[in-house]
Amino acid sequence: MTGTPALLLTLAPIVAPIAAAAAAYLMGWRRPVAIATVAAAAIVLIAGAWSATWTADGGEVAAGNWLRIDALSGVMLIVIGAVGVVATWAGIGYLDDELATGHTDVEGARRYGVLVPLFLAAMVVAVLANNLGLLWAAVEGTTIVTAFLVGHRRSRRSVEASWKYVIICSVGIALAYLGTVLVNYAAEHAGVEGSLDWTQLVAHASELDPGVMRLAFALLVVGFGTKAGLVPLHSWLPDAHSQAPAPVSALMSGVLLPVAVYALARYRVIAVAGIDPGFVRGLLLAVGLASLLLAAGLLLAQRDYKRLLAYSSIEHMALAVVGLAIGTPLAIAATLLHIVGHGLGKAVLFCSAGEILAREGTTRIDAVRGLFARTPVLAGLFGAGLVALLGLPPFSLFVSEIGLIRAMVGAGAWWVAAVVLLLLLVVFVAISGKAAGILLGDPPSRDPGVSAPAAGSSGVVGTVATVAGLRASTVVPLVGALVAVAVLGIVDWPLGQLLHAAGQIVGTR
Amino acid sequence: MTQLLYLICGGLLLSSVMVLWRRELSAIVRLLVVQGVLLGALALVLAGRLDSVELVVVAIGVVALKAVLVPRILRRVLRDGNEARETEPLVNVTASIVAAAFLILLAYAASRPLVRLSPSAETQAVPVGLAMVLLGFFVLVTRRRALSQIVGFLLLDNGIAATAFLITGGVPGIVELAVSLDVLLVVLVLQVLTARLRTTFGGTDIDELRELHD
Amino acid sequence: MSTLGVVVQVVLLIVVAPYLVGVMRQVRARLEGRAGAGAGQPWRDLRKLFRKEPMSPAGSSWVFVAAPAVLVASTLVIAAVSPFVATVSPLDGVADLFAVVALLLLGTVALALAGLDTGTAFGGMGASREMTVAALAEPTILLAGFALSARVGSTNLSAIVERGQQSPGAVLSPATLLAAVALAVVVVAEAGRLPVDNPSTHLELTMIHEAMVLEYAGRDLALVEFASALRLTVLLGLWANLFLPWGVATTASAPALLLGVVAFVAKVAVLGAVLAAGEVFMAKLRLFRVPELLAGSFLFGVLAVSSSFFLA
Amino acid sequence: MSIGWALVGVLVIAGLGALGAVATGSRGRALVAGVSTAGVGVFGVLAGVSALGGEAFSKTIPQLLPLSEVTVTVDALSGLFCALIGGVAVIAGLYNIGYSDGHGSRTGQSLLPLFVAAMILVPAAGNVTTFLVLWEVMALVSLMLVLAEHRLRPSVRDAGVWYAAMTHAGLVAILLGLVLFASKAGGESFTALRDADLSTTTRSVIFVLVFVGFGSKAGMVPLHVWLPRAHPEAPSPVSALMSAAMVKLGLYGVLRVGLDLLGGGPRWWWLLVLVAGGVSALFGVLQASVAVDLKRLLGYSTTENMGLILLGVGAGGMFAADGNRTLGSLLIAAGLLHALNHAGFKTLLFLGAGSVLRATGLRDLDRLGGLVSRMPATTALFGVGALAAAALPPGNGFVSEWLLLQGLIHGLPGADAVVAVAMPLAVGVVALTAGLGVATFVKAFGTGFLARPRSEEAAGAKESPRTMRFAMLVAAAVCAGLAISPASLGPALTRVLEALPTVRDGSPLEGGVTLRLTGIAGSISPVLILAGLFVAGLLVVVLVRRGLPRRESLVWGCGGTRLDPRMEYTATSFAEPLTRVFDDVLRPEHDVDVTHHAESQYLIESVRYRQRVDDRVEAALYPPVLAAGNKLGAVLSRLQNGSVHRYLALGLGGLIVVLVVVGLTA
């Protein structure tokens, strides 16, 4: 599809969040603004789903040379939209609590209201960009937008986290820019018109100079790998994810990291055509497996449940990159399904972890005990999210992990499959052991004087409905997300064809 | 003309190395100004060689951004704090210079494919850009002050800009614009964060930030 | 006619069993220089006991009451199905070597449970020791059975006995001899004879079997005593017929059965006498040396099986 | 009823049951969950029986499971396991009605029918992904059920973590094995796998991986560590389902993949299975023989019995690999029959243990006792189970062990040295296992139920509600049926064996009253043995009945006063000789605490003696692995020490490495 409808379809998911941001800027953090933010995320989701009508059978929605939706972008739009809806919806209650407990002020809430939709918009631009320079700029834009979201609370720790975040990510993304420049160089030299247009580059991928492209691809892997939380510049991630407000952590982990992986997927298509596929696979595998090892080891040693979730994000992105490394259509489809499942699951986890933090006042794993006995609904959400992320059925991560393993073995990389499975086992043991400590058992007898901040207390935005001490506006999106992940794990139709088409775009035999 | 090009490139590299050497923060900012100007000059020279009006505009923009705007922000950071000197860097100056030599050699080795693709006067100078990137990175790794880290990042960014100019005469205009805007915004963000660091930690020694760890 | 064989066999065993115990005691007495009470004394004791009232210890249950009956019944079933007098029997296919072994174990279990049911330390101690010995004896029995049946291709007792009769040379084969030694040890252990257990001791700390039945009195005790005699007879009879199969009737004719009866009585008497004589010169092993003895017999069992393969 | 509809029934009832249990209040919940579980079980049995009757079923649903599809195929092999699981579920479901009445948690009760449904569907899976999904659903649901009582005992949490970890480790092995298989075969449906033509090396790798995975589910040593933890900690109906039904799916996996999909293999595969089975049987029974926790004892007994079953399957596989189909089919039939028998008696035993637990709150045999007069029905029913578990006639366990021995001893003629060494040892193992099994269950029954109570809790025990007793009665009846007429299963077993191409060989056992074997001269008649025992016992009773009436007396206390229950022999003391004999294997730990009088160190106030027998295999193998993991974590933590400089240095280092590598590989 091209022309004006295509332009509308591609611009809508960008404009909607920007409009929500503008509203927040003008009106401050109010209920209508909050709803508008959720609606903006929903528009992204709808745009993604709608575009699937054209893209699921291999078509595309192109608006000029700059913006374009194909199946791959479509999947990413759906991820952004879905996770966005969950995070912004659950974020309403979060911010109400923050305001009620005095952790933030009206100005802080306004900033939050402006930055979150802008963050969404930047990510949408990244996945819709056909021009790789624009893609880069949008990814860099996310860093700038989220810098102040990470430091939302202005505590020592959040300032520390945001400094590390901005410095490391800026460096990493600068390296990606260098890579982009080199691709541009190779493209110009090969006489590719519109030298950073992805479509053009793919069409002429085999003409690009392999020497330059190898260097470029290596820099891109390190650079975008930084944003995806991959070794060697992964270190910002646990700090930023543990300090950012829960809904922002959810968005960063669930969407931002995958967007970086998405960028790598786009470049992979160009790289494999021009240079030795073994190099591409080896590099991605090295980065992926090293990250997986790191995540597994640090999960074992973890004492903080928000950092635990952060390392779990590293683990899942590592898995996604290993999927890219394998790069068969099945691997790509599985990777994308994995990204979808991970995004939603992580949103649930970060949002419920935020609630746990609000109640318990600590993020130490050994300080939270017997959660099921005290707040069954919250513990159930957290537990179900963990079950999903540990890759157990009926959640889609199980199917996608099987798909990934099948792809690995099918591509002859059975040793990779073995290593990955072993490391995943370590991850499983680490997370399940710690989760058992948090969730199960009898609660410790508490000092009655110290009561957790009253959940469900009326915030600035008005009275709220509660479910078992949790806001409906928190429970509904989280339960919805879990149901969605489960449905995706059981039924093929919502995404199956789209994933298949995306697999065809990126995948190589 | 080629001589001029090489002269400018030499100046760029030298200014990066000098940053490693100097401890005075204001001197480092001055070096950054010099580098910005040299970068603009580079663009101008290339504009001449490639007959590109667009590059002239870019050159003006580069000078405005990297030699005027950004240093001004940095000076404000410098003025807000009372830390005029870099505290003891994590790697001492001698070792830094040796490391710099190694990094420059690495840059030469790594950029061979770039040169090989189209050997010309400009691409011959590409290793300089890459070396600047690595040196900037090195500054980030070894310097403790928040300002020095910002400078390190800017050095790295200048290196990329230099590389971009040298190999292709710059990326497409709109991307260049976006990149510049991004750089400016990052610097602004870092400026704000530096201020927050100062209020919450009472200083800008980045090495003090050790509360978040495993 | 073959049904008659079964009846004859069962009746014979019932009658002979106490006499066997009597003979053994007599042999022993004579060897120890005593006059002895005569071979019929066990029967007289039984008659006396059957008339006395049974007693159940306070707190015990139906298990205590039922155990003697189960013990006797299981032994009687063995007496009925095994080829002691004749190999032709309508019950031939009912139980093979393994089933017989399991039935013996069933009896042991019944008594052990009764011992535990009394709730005394003695009962528990006896049960515990008895089960330990029985458990450790099990591998030897089955391996010896393996060695015997490997030659025949069947675990059917009649088949083994008949094959022994047909090829007498095989009785002297290494496999059979080794199995015979192994089984002999086990028979001693299962029957509760020296050196594993001392049937005449009433010193608490050395008792195994006797400790379990300490609380039995009257006709319960009679049943237990009778069963123990019957078990001894059955074990000796089985051993005799497996390794010395001569004389066992292979047809159901009266003369053959008669010969079978005579041969059985003779074999069992001789074996009993030998066993009793051996006991005179033996002291009881410490309980925790018994496993060593059983391990030795297990070794013989393994050797028996492997020699039946490697030396056959 | 057609298999397809029965499976639909399984799903529908499970779903309705789960929803119903969620919706009902605490009063009716156990009833809803129990009835629906039993209902699911009934449909499972129906599906299984249809399949065993010769019906086959196959269906593919491409709309389900992204990246793959759902394929369901049911043959006789699947059918046997569907029926087995269904049968256990019927009993456990009925039992649950009384057991969980009023205090079953919403989660625990609603998951019960789902657990059963997952288990029934596992053997019906017809492609790799379907199988793996169902397998893992089953694992997850069972994990949640194990955790149902997490608030009551801290040990539940540990058990859950161990279970989760081990079952996931098993999944990893199975996943890798099956995916490798599917990839080499070029398709993931079982039909494609069956038709694949693979190299022996590949097949061996697949088999070993799969065996490790299924072995861990079946509780094979050394992967058994979860079993004696998780099975005891679960609520008793769940324990029964796990121990009697779920572990059997490990067996199913070995049979399905090893003998069906891979179509048999070289002899060493099966030797491996045999050895693993033998070691597990022996180790399991040894641990059971010294265990004092009744449910832990039953858990180790499951390891033992699964060991025996796999020993039989291994030996059968060996013979089949040698071309001796007669013995191959006999031994595998023995294994399958033992699986059925074990399902029967282990259900009964765990339910019995559950009744005791419910009545006394105790699992510790050292504190039980005296239940025979307080819970007569439960005692009698547990006794039936114990008899079967001890493999004594006339129990049903005896028949299958007899078959197993028959298969093992008849392989010698015409065998080579490996068989000649393996078989006697296998017989020795089976025999020692049987012997120790007898001692174990004498201990369990004798100290747990007989004599006088050893604690107030045991003294105050009340008989269980009628539904529970009825459920146990059904289980006992099943055991009795299996014991009396094993030969009637002949046709079904024959059909199952037909699904295994390398073993297929007519019917292995036949006969009515007397159980006869095909091709082997050996027979027993469980019915006649039972009848004989009955008649002889009756005769004895009738003949001896005359005379003076029975009198109650004091027990003899060595001349002392009335004996205290504390002076009774306990389970620990019962097992003491065995503990000493197997000292080297068990390595018991003894603690003696002597408290002296305050006035004089020569006067003793009290002595405390404690003995603990830990799982030595676990203690030897698992701590090093855990320590290695912690080491890894500690080392990697150093990378994450909070210094942004270190983080950036890591990045620069990484960049340099990448640049060097790019340069070097040019």
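The letters A, B, C and D name the chains in turn, as written, and every chain counts its residues from 1.
Simple rule for what comes next: a residue touches a chain if its C-beta (ideal position, glycine included) is under 8 Å from a C-beta of that chain, and two chains touch if they have at least 3 such contacts.
The model shown is predicted, which means the values in this text are computed figures rather than measured ones.
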item	value
Most widely separated chain from chain B, with each centre as the mean of CA atoms	C
Chain nearest the overall C-alpha centroid of the shown protein atoms	D
Pair joined by the larger number of C-beta contacts - C-D, B-D	C-D
Centroid spacing, where centroids are CA-atom means, of chain C and chain D in whole angstrom	35
Euclidean distance of C-alpha centroids - chain B vs chain D, Å	68
Chain A and chain D, separation of their C-alpha mean positions in angstrom	42
Euclidean distance of C-alpha centroids - chain A vs chain B, Å	31
Touching two or more other chains - residues of chain B	110, 112-113, 137, 140, 206, 209, 211-212, 214
Junction residues of chain A, two or more chains touched	163-164, 167, 171, 175, 211, 214-215, 238, 298, 301-302
Residues within chain D bordering two or more other chains	637, 640, 644, 648, 651, 655, 659, 662, 666
Every chain pair in contact, whichever chains are involved	A-B, A-D, B-D, C-D
List of chain B residues in touch with chain D within their complex	90, 106, 109-110, 112-113, 134, 137-138, 140-142, 144, 206-207, 209-214
Contacting residues of chain D [partner chain C, same complex]	289, 369-370, 372-373, 390-393, 398, 402, 405-406, 408-410, 412-413, 415, 420-421, 423-425, 427-432, 434-436, 438-439, 442-443, 445-447, 450-452, 514, 516, 520-525, 528-529, 532-534, 536-537, 539-541, 544, 547-558, 563, 565, 567-570, 573-578, 580-581
In the complex with chain B, residue positions of chain D that touch it	637, 640-645, 648-649, 651-652, 655-656, 659-660, 662-663, 666
In the complex with chain A, residue positions of chain B that touch it	110-114, 116-118, 133, 137, 140, 146, 149, 153, 156-157, 159-160, 163-164, 167-168, 171-172, 174-175, 178-179, 182, 185-186, 189-190, 192-193, 196-197, 200-201, 206, 209, 211-212, 214
Residue numbers on chain C that touch chain D, as the complex places them	50-63, 65, 68-70, 72-74, 76-77, 80-81, 91, 93-96, 98-99, 102-103, 105-106, 109, 112-113, 115-125, 127-129, 131-132, 134-143, 145-146, 149-150, 153-156, 159, 204, 214-215, 217-219, 222-223, 287-288, 291, 298, 301-302, 305-306, 308-310
